[in-house]
Each structure stands twice: as C-alpha cells, then as structure tokens.
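Heads up, the next two complexes both have chain A, just with different partners, chain B and then chain C.
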Partner chain A sequence: MERIGLIDYGAGNTTSVLNALEHLRLDVTLARTPEDLENADRLILPGVGAFASAMRKLERLALVDALGDHVVERKKPFLGICVGMQLLADLGHEFETYPGLGYVAGEVKRLRAEEVGLRVPHIGWNEVDYDPSCPLFEGMSAPAFYFVHSYVIEPSDPTSTVATCLHGGPFAAAVRRGNIFGVQFHPEKSQRDGLKLLENFASFEVTRGDEPTRQGRPSVADGSLVIRSR
Partner chain B sequence: MLKNRLIPVVLLREGVVVQSKRFGRYQLLGNPATIVERLSDWASDELIYLDISGRRDYDLGRDDLAQGRTSDLLSILREISRRCFMPMAFGGGLRTVEDCAERVANGADKVVINTQALHEPEFIDRCAKEFGAQCVVVCIDAKQTVDQTWEVFAERGKRPTGRSPDQWAKECQERGAGEILIQSIDRDGTGQGYDVPLVRSIARAVQVPVIALGGVGQWGHLADGLIEGEADAVSAANIFNYSENSVLKAKRSLFEAGLNVREPSLASH
Partner chain C sequence: MIKNAFDPEPHLSESSLEKGLADRTDQLPDALHRGIVERVARMYQHAKEGQRHASGPYRIGGEWASFYEERERLYEPLRQGDIDASLALLRGFWRNELGPLVKEYARFEQLVAREEPATSRFQAGVVRNYLIWNDLVDASPESLRIPDVGNPWGYVIDGVMVAPKATRFHALSTQAQRLVSDAERPWVLEIGAGYGGMAYYLLRDRADVTYVDFDLPETLVLAAYYLLCCLPDRRHFLYGEGEIPWGERSGLASLLLPNFALASVPERSAALVVNSFSLSEMPRGTLAEYCDRIGHITDVYFWHNNVDRWGVVNRGHERIPASAYPLDESLLSLVSKHFDQFHGHGGDYREYLYRRVEAHAQMEA
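And now, the complex of A and B:
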C-alpha cells in the first residue's frame, strides 16, 4: 500500500485528518521534517488559522524547499486542505501580505459575500459544482462539504479550478495542477462525501500526461502528470 | 447555497453527560463516548461540547455506567474525535490561549469561549490571531431583565455583567469571533422554545454566523430559531436525549418546514 505523509507542522487539525485516514485504514505517517517526506508516497497538508502564520511554520521546519522537491520535482500526489490549499497560491493577504508555496498561480483574498448581505466566515455545509474528470470527486453525486473560512484562493488561470462553490458569487472550492490538489472545504469533517474524497486521493492512479480532460476546459492545464516509478 | 445547520450540544459535567435546567439543576445521562456515537448519526451537521464542570480533573470510572476509566477531559476529547467525522466545537473553562491550543490539538475544530472573554475581552483577539476567526465561537449567556431587554451573564449564569447581548456580540465580532452562540438562561431546559426575539436581536447585530441555543422542547422550535430568529444554525441539548434517532427526526422537521438543510439521511459510515 502506498503511504500517505500527513504534514504535521503545528498549523493544522492534524488529529482530525489522521482520524479520518486511519478510519479508512490507510497507511499514514506523520511528517515533521524534510526526511519524513522521503517515507511518503503521497502528501497531505492540512491547515487551520491564518495564511502567514501557517507559512511561517512550514518555513521554520525547513519544509518549503523539501516540499518543492517532493511535490514539484518528484510529482508526488499532494492534497492541501483549507489553509493548506490556500498556501498553494503565490500570495496571501490575511492580516498581512505574505508569499505562499506558489504551486498554483493566484492570490488568497477575503470572500466578498458581505457585500450581498451574506455572512463571513462562510461556515457550514455547501454544495460544489465539480469537474467530473477530477479523480477527487469520483463516485459522488451532489456532494456537500463542510466549509469554514473567510479567505479563498483566486487562481489567475481559471483552468486550475476544478470545483466551485457559491457564497456571494462563485469561488474555487477545489484546485488542481497536475499532481497537486487543494480543497477549501474540510473532507475530514464532511462525513461520507469527505471520507470518499480522501479515499479517492489515496487511491487514484497517477498516469502520464494523458489525463482525461473536459472538452474546452482541460483540467490538467500543464499536462504534467507524471508517474513515479513504483 | 450555504445550508442551515443543526447542531446537537452535549453538556459534560465531571466527565459525564448531563441534562441542565435553567443553569442550575443537573441530571446524569451517561458516558460521553456512547452518547456521542448516537448523536454523531449523520444527520447532525456539527457537534458542540460544553464542559460545565466546576473542577478540572475528575475520575470517570463509574460502575453504575459500566464504562472504562477515562481520567481527563483531553482523553474524552480524543476519544470523541476518533468517532466524529464532523466539525466539533469544545467549550467550558477555557481561560488561556494554551487551554484552547490543547483542545485544538486533541481534536476540537473550534473553541467556545465565554466567561474569560467577558473578564478580558482581548482574549477574543488573541484566540482569533492564533487560530483564525473561524475557530473562535463566543457563547453569550443572556437572561431577560425587563420587557425585551436582556443582560449578559458570566460564570455560567452566576455573575451579571451589565452588558447587553447585542452590543457584546458586536464587540465580539470586531475582536475576531467567527461565530456567536446565543444561549437563553431563562429557556434552558424548559422546553418552551427559543427566546426568539433574543436570537433575532443578535442575528441582526452581527455579520458572523449566529447559533441559537436554549429552550427547544419540540422539533418545531428548531425551525422557529431559523425563520423567526433569523439564526444560521440551531442547536439544542436535552431534547436529543429523549428519543431514538432524535437527530434524524430533528433534521426531518427542518427539511419538511422547507428549510435549506442537508437532506436527512440515515446513511452511515
């Protein structure tokens, strides 16, 4: 079985994600150092809290460069959850402007739902519209997920967005660039649909550059899905 | 579109689940782990645990409840979070950012703060800064004074603060609270329904989500909190302990009232 490295950097609800992965009987290891990443075939970056504080915690553990090596160079499947998804962007603007990992071009900005009389934070269960070719959503119908956030990633390339949700306008509920995925909602807290999504992430087959794409709207814009040798 | 939430509340007193009446009388219900398993039936959208113990350490080994010994709150929390794939808020006795961090590290997704915030409002700012606004729920316990006005009470209803709930809710929001849990002391455990005007006054005072609590005695009261009270989420404690599949019945009543909730389903893991 492939092993999932759950990145434990002090800015995530690691326990909750770990509980969900263990419930699914997946092989999980907590990754706290660059060396720990070596022992994992797929990586999950959870995240709770503010963008800059989460990013600083990754930096302090020397995980930023190490992640670049495993995720960008070696193309290990990667899933960022909530703030872990937002960190994929180039820049975040929560409390202060701070650079992110830069795997998905774009910036993280506050939801503008208050302008239309909706409440922020966006907290609760909401439905998403998803690209059916995205392996994360395989086997689902009309899924609802649990969201709790005030900020959203705004990808500069719309093809990075593989699922959208509505709260005072559409926002990116899930993004993908090749082997790199991010979800704004909390799959570990989304009961059946959430567990299914984690299971899909753990089991989807990584293929080389020939991912099915939706007509006129490729879901793998850079065509860079590459197999790791097994 | 964002759905309205149904949130069972579990009251823990010295490690045992209790029922509460007007913040004063408590009746033992049993072991948290078993009750949680029943409540985390998939019709719940979220769970709130409020520890209302007077003391911090307690022994959970009760022969009459036929259960193993769980010696402290954090192990209860860990045990609960292992079974609960939905958001879980934890409150009660939180005095420092470290207290909150400990709860979060052991499986809480949100912390519910109350008395300490009244004592030291900057506590809200510090928690929001550390965990993000989405993690910080401020619980406001309010009691009616004269006609349609209310006062905020601290220390589980014991100490009047002279604050009005709507003003306090606004301040909480400004300081970084991500949600307000508004609880009516007068209605607690009475089954008379929410104090709807109180809930509405809070819902209209703030832009963050508002959760109503206190007084649900029949399923129809839940819809009142959402429709008349204009809350975003409804919660209740005692009523969920009275019948089988209670959460499902509660959810169904909201669904049938035409409210935008997740479809009630018994689908399990």
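And now, the complex of A and C:
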C-alpha cells in the first residue's frame, strides 16, 4: 500500500484529515520536514486560516522547494484541501498579496457573494457540478461537500477547474493539473462523499499526459508581484 | 466530547410548550376588526368569481386541487358575507379547522393532547430551527415575536413565543431585505405566502417595501386577514377594491391578490420575486406559465426554495424538481444554489437565487 504524507505545517486541520484517512485504513504519515516527504508516495496539504500565513509556515519549514521537487518534478499525486488548495495559485489576496506555490495559474480572491445578500464566509453543504472524467469524483452521483471559506481560487486557465459550486456566482470547487488536485471543500468533513473522494485520491495513478507544466513563483524581483498595503 | 451547537435537548421543557400553547386571543377593537373581516370577505368573493373565469394555467391543479376541494366549505361564511361567523373563524385560525395551513411538525390539537411522536417532533423541530436561525441571522430573539392575531401558538424559547415556521420566515425576510437593500421603494412579490409570515417581518422591518402576494383565494384570505390585523395602520390593497394599482410606488404596504392576477403584473416591476415550496407542487402547464411570468416581472432577483428530486408524489401529483424548471436563461442567470438551510444536506429542498441578466451584467461591470 502506498503511503500518504499528510503535511503538518501548523496551518491545517490535520487531525480531522488524519482521522478520515485512518478511517479508510490508509497508510498515513505526518510530514513536517523535507525529509519526511521522502517517506510518502502521495501528499495531502490541508489548510485553514489565511493564505499568506499558511505560505509563510510552509516557507519556515523549508517545504516550498521540497514540495516543488516531489510534486512537480517527481509527480507524486498531490491534494490541497481548502487553504491547501488556494496555495496552489500564483497569488493570494487575503489581507495582503502574497505569492503561492504557483502550481495552478491563477489568483485567490474574496468570494463575491455579499452583493447578493449571501454571507461570507460561505459555510455549509453544497452540491457541485463536476467533470465526471476527473478521478477524484469517480463513482459519485450528485455529490455534496462541506465548505467553510471566504476566498476562492480563480484559475486563469479554465481547463484547470474540474468542479464548480455556486455561492453568489460560480467558483472553482476543485482544480486539477495533472497529478495535482485541489478542493475548496473539506472532504474530511463531508461524510460519505468526502471519504469517497479521499479514497479516490489514494488510488489515483499518474499516467502519461498527466504531467503539469511547472510555473515559477511570482516575485517582487521580476515585477510579477506587487505587494499591496493592507 | 464536542458539543453539538444544534442539539435541541437543553432547550426542551414541558413549561416551554405549555406557555407556547397558552391562549393569545387578540385585543383588536371590535369596529376595526369587523371592518377588516368585511374587506377580507369581499376580497374572497371577488377572487372566487375571478377564479371561475381564470385561464387554464391559473385554474387550481396539482396537489392543491383535492386539498382545496376538501376545504372550500370551511370558507362558506366568507362567501356568504356572514361577518360574525367569518370573524369567529379567522380570529382563531391558528387553532381551528384552518390551522393545517399554518402548522409545522404537529397540529395544535395534537400538541394539546400531547400526542406522540408529534409533540416530541414539534419541540425538537422548532428548537432546532431556532438554533439554526440563530446561526444564520444576526438578530435578537425578540425579532421573532409576532402579534396576537388569529390566536397564534408555538413554543417559548428565550422568553419569546416562537410560532411554527417563524424562524424560516424571519430568515427569508432578512435575506429579502438584503437583496433589495439598494432598491428605492422596492416591490417584493411572493407566489404563495401562506398566512403571510414572511410578509409580516418584511413589512415590519422595511417600511418602504410594497409587498405583493399571489395565492389561491382560500389561503389569500388568511394572509389578508393576518397582515391587515398585524399592520392596521398601513395601507393595503385587496383584490376587488378597484383597479390593481400597479403604478403606485409609495405608501402602499401590500397588495393581496389571487394567483390569476399574476398574468397582469407589468414587466420588470418587482425588485425581488420569491417562492417557497409551491412551484414544484403545480401542474406542468401552470409551472411553465409561472416561470414565463417570473422571467418577465423580475427586475433584479428571483429567489425560490423547492424540492429538487424526481419521484416525489403527493396527492397523486409528481412534484417537478427545481432543477427542471423551464426558466428562460436569457433573462435570469443562476447565481447561487444551496441546500435548504433548515433541512440541511440530507433534505430534498434547494434554495436557488437568480439574477436578471442585464442587472448581472451591470453589477459585473
């Protein structure tokens, strides 16, 4: 059985995800260092809180470059959950503009739901429209997932979006670039459908054609990042 | 152990039920009360007459046909213009034979008899909805209070008698106010208001709204009686009191109209159109007509909450799932879809919010 490395970087709801994976009797190890990533065949990056704060925690643990090596170069299957999904983007704009991992071209912006009288954060269960060919959703019918978030990833390439949800307008509920997946909802809190999704991720096999295109992280130095004041 | 914030158990007590069922006969002055009932009776007579001539889609059908066939006789005092008998009937509508239109989880007589499982279901359901409401709406429990009209009953929580469906009505009224917050003197149209629970909160909390209800005459009677008694100082138009004042944009609190009047609503006259639960219960032809009208009369938003599952049959009618409604997507664009917030993700109901396409484009710009 392949081992899942659950990245424990102090910004994730690690325990809930760990419980869900253990419930599925999957082989899981917590990964806190670049060395820990070596022991995992596939990786899950959970996340709660703000984008910049989560990125800084990854940076402090020297996990950004290590993840690039394992996920982009070595193509280990990767799943980002909630903020863990948002970190896949080039930039986040929560409280401040900050560069993300840059695996999925796009930016993370606040939900535009308040203008239609809906509350932000978006909290609750929603059905999603999904690409049935995406392996995460294999074997599902009208799946519903639990969301808690105020920000969403807006991929610049629409083909990255493999599931959408509606809250004041459509937003990306799941993205994929080859072996890299991200889900805005919390599969670990989404009961049957969430467990099925985690199970699907655990059994997904990378095949030819799944390779993502690596994207460089934007930076102030090359002019691709402008830091806004709060 | 993690505490479940929506666990009704700590709020359940016999005394809360006892207090909730206590008598709440109105204290309305007799002359005012009789005047209201006379207007309501005349409205009913006009509506029944108009109903006889209504075109196909506006004739009663779907799962409501047999329901009203059974219940029409209850309205005989109104049809006859017997004001004393009508007043006696309406004054206790929460508790008498008209009660099935207001109940939730249990009927009044079941609760008085402490019938099980109805009583336990009622208590747990009302409290759970209250806890969900508390999470959804930033308001004090006092905001759920309703006037003593029709001798209402419910369950006392945090010192307030919470009537059946009150939390749902208040949450919807709150959202409706958000949706029309930018509109000047907005018209809010509701298709099927029941006794007018949402309308009361909306009119109480947003004075410049004109509220329009379309319903079958028997239910319209309750809404008209309720709103006129709850808000006697406001101006209300009842069907049959002359030409429908579609052009009036100020000073009018409500228009209480039979369903077939929907056909005469001017284009894009409503900032918000609302429906809870009834569109799916209509025959297919009626639904098509209503969807067509909704597309034309909605100026900004159309919000509805209806069943979204095939195969639900009630009184011989298979409900039409909300996702299959024939709405014109060139006029209305879906911007939100959620599970019914009180039923949760296990239920068959979904809340849909559509925005007028032109309004959508303007906001995006």
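We take it that the second predicted complex is superposed on the first by the 209 of 230 C-alpha atoms of A that agree within 3 Å, B and C clash if a C-alpha of one lies under 4 Å from a C-alpha of the other, contacts with A are read in each partner's own complex, and residues count from 1 in each chain.
As a convention for this text, a contact is a pair of C-beta atoms (placed from the backbone, for glycine too) under 8 Å apart; a residue touches a chain by one contact, two chains touch by 3 or more.
The structure presented is a predicted model; accordingly, all values stated were derived computationally and were not measured.
The superposition on chain A brings chain B into a clash with chain C. Residue contacts after overlaying the shared chain place A:Ser133 against neither chain B nor chain C.
In the superposition on chain A, contact of A:Asn13 is made with chain B only, not with chain C.
When the shared chain is aligned, no partner comes close enough to touch A:Ser203: not chain B, not chain C.
Once the two complexes are overlaid on the shared chain, A:Arg192 sits against chain B while remaining clear of chain C.
Look at A:Gly169: by the touch rule set out above, it reaches chain C but stays clear of chain B. Shared-chain residue A:Thr29: touches no atom of chain B or chain C.
Contacts of A:Val120 after superposition on the shared chain: chain B is touched, whereas chain C is not.
Put simply, chain A uses residues 118-119, 124-127, 144, 146, 166-167 to touch chain B in one complex and chain C in the other.
Put simply, chain B touches chain A in their complex at residues 1-5, 42, 45-46, 78, 81-82, 85-87, 104-107, 109-110, 129-135, 178-179, 207-209, 232-233, 262, 267, 269. Residues 113, 115-119, 124-127, 144, 146, 166-169 of chain A are the ones that touch chain C when the two sit in their complex.
Interface residues of chain A, counted against chain B in their complex, comprise 13, 15-16, 19-20, 23, 48-50, 53, 83, 95, 114, 118-127, 144, 146-150, 166-167, 186, 188-192, 194-195. Contacts from chain C toward chain A in the complex involve residues 136, 175, 178-179, 181, 301, 334-339, 341, 344-345, 350, 353, 355, 363.
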